[in-house]
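Which chain is which? They are A, B, C and D, in the order written, and residues in each are numbered from 1.
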Amino acid sequence: MGYYLSVLTFTSITVVAITSIYVITGLAGLFSLGQAAFMAVGAYTSGILITRLSMPFLPAVVFGIAAGMLAAFLVGIPTLKLRRDYIALVTFGFGEAIIAILNNTANVTGGAMGLVGITPYTTTPVAVGIAVLAVVLARNFKYSRFGRQCIAVKNDEVAAASMGVNVAGIKMMAFLFGSALTALAGTLYASYTTYVEPGLFVWTLSAEWIIIVFFGGVNSLTGAVVAAVLLGTLPEILRATAEWRIAIYSVLVLLIINFRPSGIFGEYELPLWRSIARRFRRAG
Amino acid sequence: MYFLQQILNGLSLGAVYSLIAVGFALVFNILKFSNFSQGGLITVCAYIGFMITRTFGLGLGATLALTALAGGVIALLVERVAFRRLRRKNSPLIYYFVSSITMGILLENLITIYFSSNFYAFPRFFARSTVRFGPFFMATTDLAMLGISLSSLLILMIVLYRTTFGTAIRALSMDMNAARLMGINVNFAIAGTFFLVGVFAGLGGVFLGINYTLYPQLGKLIVKGFVASVVGGLGNILGAVVGAILLGLLEVILVGVPGIGSGLSPVVVFVILLVFLIVRPQGIAGIIVKEKV
Amino acid sequence: MKKLAIITIVLFAAAAMLVSASGQREDGAIRIGVIQDLSGPTSVWGNAVARGAELAVSEINAAGGIDGRQVELRTYDVRLSPQEAITAYNRLVDQDRVTAIVGPPISNIGLSLAPVAQAKGVPIVGSFIDPRVTVQPNGEPWTNMFLMQPSSVQYSEIIADFALTELGARNLAVMYDQTNAFSVSLVEPFRNYVNAHGGNVALEVTYTSDDRDFRTQLSQIQRSGADAVYLPIYIQEAVLTLQQAEQVGLDIPMIGGLDFAPPFTDLLPDPTLADGIYVANNYSDSEPQLVDVRAAYMDMFGEEPINKAFKGYDKILIIADAIRRAGSTEPAAVSRAIARTSNLRGTTGILTISPDNHQPVGLSMVMYQIINGEYSELGRHVPESHR
Amino acid sequence: MLEIRGLDVWYRHIHALDSVDLSVRAGEITALIGANGAGKTSLLNTISGLVAPRAGSIELEGSALSRAPHRIVRKGVVHVPEGRHVFAGLTVQENLLMGAYTRRKGFAGRLQEMYRLFPRLEERKKQQAGTLSGGEQQMLAICRGLISEPRVLLMDEPSLGLAPLLVREVFELIQRIRAMGITVLLVEQNAMQALAVADHAYVLENGSVVLSGTGGEVLADPNVRHAYLGAAAD
């Protein structure tokens, strides 16, 4: 039982992270190779507050999210105006810089030896609940005015601007919202494993998330969430294949990308979600 | 004196990065995405080179040649498996990126599966480990690497700028459909480019293996090539080399700066990168080559 | 579109069911878990530990098993991820119902497993060098975490003492990887010991795991006038360091960590490059039982065992010994027995585990000097304070 | 020379060409006119292999034309695309070299012919094509198509965006190309001028052929006059 619960908890945390990538990459078309660093910001902020100041979970999470958003704002201001190829590079550089800072402030963060003894506040129901909340928030964002503007910007910035969309503003909004979710995933993670170290948040993790979103279908939130669950548990399912499992995983992803480039879900959304969203819009 | 020696060190580090950055630039030039499968490719090549020397007991030259050839062939396979279908379906660029990262993970893991219960290293190819020029010195492998990367780069330039096939590759990178209308076999030309990328990965892999021993994550270094190639101007080959050498110099110099050292140099590199991209978004290449941004 | 999605989900569900059904225990066999990095950046070590454990189990089974019962291994890859380690641990405990677990040589994995193991009760015998893996912040040991090699404190004290007493060094320099927990954990105790015993750490220089050029750091060491330099670094960087030290002209004595143990010199372009290096290893090649294990390993896997393979072997010995003494395969009983391991002859030394901190007691390290590219044994070294 | 039967082209959900029949006779100029989005460019792109048809056949002198662009060019069917699409970073001479990619033998001689045809290109042969004026680029694009000595030249909007004087020059050139014995399939928005030089003409509307005949017949059609020439006549 404990085994299934731990898989469920980690999967829920992955789902939170994936909704953030869905918002940033799927909706706004921004390509962040340093998103894992925002997870680190959330994890370390909450972890330090909990261990050093004995802060309770909820305020620590709030501070974690706020720190993530602040970092996103600072990175976003100069970056989001650049061409898209450069956003990947700058976020990548930011990720490396954050890891360097974490390693170099050992008296606060524990450096490479990590931050230990974070109180395990994240229980399975908390993680699942927050995952559901994150998905609902992302869905509402998608069907809101801002979501539609994001999609317009992703498809054609010039056209979107000519229709009166504040391109830089909407990109910033998606980046802030997404990074808040990433930081949230980080706070959950820190309070589940009770231990974080800088090496966990390298760019390959950001790349893995992007792969998951594309696997599910970059235009489908349903797809992203389902892919997070499937690919999050796949290494677990393949555990018995030992060293082969990551190779099998990669082959599967290559097959999907090649033979079904729109991901397994394409642009499909669960009808239920759409109808709820419609009701939301009417109510709002 | 110390400073000049540091510059020499930075140059040799830059030579390593430039072998990688050129591979990035070549693919970006044509397909407009950063090909992260190159890291896996380099790792595979390093092990292939090692197997070649171990099995046949060959010298450096023959090993390099055979590995470059093998690298080329593997790169053709990578193109076939990871990118050809995407191209046929006109997929957005980000799919190429996802495909390339996944391909890189796959290659790295295949190496892990076959080789990862021990460390391996190339035999020694040079009798003397350093070459001295008066008060300065340079590692023989670094010197060889600098020499071979510069000469292979020169050959690449000749191919690209002096042959019809090379001109076709450049034409392709500017306007793929117009190139088709000229009767250029685009699949063939792209395969040819990947072959070149594989050749560079082969050379790079052997040198990285010689210098840094063999382990499955050897290809991790490609991130430096990525930074260098973007700073150099996306898809510009000469720019990528200059970017790589500047990055090598910068890193070596930063290590010697009190208060920064190696630990905080990623932060400084990030800030410089950011300022650079804001001030000069076309990359370094704008200065050197007038060609496309 | 929907069809493909549904097919994928059904396939996954079927696979998941198949996997969870495979957790049935075979009658009579004792099951031992193995958590290692079979992929990821530390896969070389993980695979070596797993193979060493495999060898030990095959020998135990060939000799009739433990109390007549065969031993079965369950090996899971965790690719240097605490997340994977926690789920792998839970799976070994809940699905596979193992008696004990062979842990990895990676402290970060140990740190994330300690609280889980405390809660779930199945012991882990690992070679996590960080003392925080076995001892809680309040000074109590983590009930189910065990270390079977010198901790980073014991280890760096052995080396510091060796440098001060045997080499007569007073001014020491340290170069380490700031991004690597193993490397970092070996610095502070070294500095403390040296400073407390009449020496002085003149210079500490760092690099990061992405760096490939250490010549600047090595020149700084050379200019610092240190008598000797301590290098608690990983094997790839160790190879680079020696090559570059030669270029820089740094030729003061170097004292290496475990990564300088064989097959280190084989990785150098020229083994004599390592001449004059002092190395601490867990075991001595001259010890007779090691010869047989090495031969058996080469027989089984067709290659030389590295240091970590012997540790994998010994971890199984400790667990098997504890099961025999406990007369039970109940994890709690086995855990208590492991805590009372005493004078067990392993390949890496005489293993005694202290019930107070779950770390080995009085474990010496065998010192070597590399001469003409060959390891020349200087005997075991134990500081006064460790006896 | 070129026989097109029942050609159907789709872009995802858009039906670009709807069973188009069309024949281009050897040695003639065949004009294709129609409004924006009528499918003219789609038709040329399909002939030159850039777009794959869902149904239909394209035959060159009685044998089916390959679908791979480089084989089509080798067969002598060459497409001068709309918007010129010269290789901006290549020099003028390199652009022409690319034009002769499939027929490199005798390139030097044909290069001189092209330079004789357009002395301005020779003056600028070392200059990057992107730095040329619009008219020069158009000439370069046409020369690049001609230099492989095609049998059929597909020309897409060669007069687009050019000053009136240059437009006249282009149409004179088209007639000269016919005089060289090269068959021309011409797509033009400038219907009046196109029809004036065309031996045969087709009118496309919403992906279907709605009218065909000799240039004069089509020019005389009242609907055509109303739809395409109204503005020009005023």
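Keep this in mind: a contact is a pair of C-beta atoms (placed from the backbone, for glycine too) under 8 Å apart; a residue touches a chain by one contact, two chains touch by 3 or more.
The shown structure was predicted, so the numbers you read here are calculated from the model rather than taken from an experiment.
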| item | value |
| --- | --- |
| Topological distance between chain C and chain D, in contact steps | 2 |
| Centroid comparison with chain D (C-alpha atoms), farthest chain | C |
| Rounded Å distance between chain A and chain D, as computed from the means of their C-alpha atoms | 50 |
| Between chain C and chain B, distance of the C-alpha-averaged centres to the nearest whole Å | 35 |
| Mean-CA-position distance for chain B and chain A (Å) | 30 |
| Mean-CA-position distance for chain D and chain B (Å) | 42 |
| Chain C, residues touching no fewer than two other chains | 38-39, 43, 47, 178-179, 208 |
| Touching two or more other chains - residues of chain B | 109, 112-113, 116, 223, 263, 265-266 |
| Pairs of chains found to touch, sorted by chain label | A-B, A-C, B-C, B-D |
| Chain B contact footprint on chain C (complex, rising order) | 38-41, 43-44, 47-48, 51, 178-179, 205-208, 210-213, 215-217, 219-220, 235-236, 239-240, 243-244, 246-247, 263, 266-270, 273, 301, 303-304, 306 |
| Sites on chain B touched by chain D in the complex | 164, 167-168, 170-171, 174-175, 177-186, 290-292 |
| Complex contacts: residues of chain B adjacent to chain C | 2, 5-6, 9, 12-13, 16, 109, 112-113, 116-126, 129-130, 137-139, 210-213, 215-217, 220-221, 223-224, 248, 251-252, 255-256, 261-263, 265-266 |
| Contacting residues of chain B [partner chain A, same complex] | 34, 36, 81-82, 85-86, 89, 91, 94-95, 97-99, 101-103, 105-106, 109-110, 112-113, 116, 223, 226-227, 230, 234, 263-267, 269-271, 273-274, 277-278, 281 |
| Chain B-touching residues of chain A, taken from the complex the two chains share | 25, 31, 78-79, 82-83, 85-86, 88-90, 92-94, 96-97, 99-101, 103-104, 203, 207, 210-211, 214, 218, 243-244, 246-247, 250-251, 253-254, 257-259, 261 |
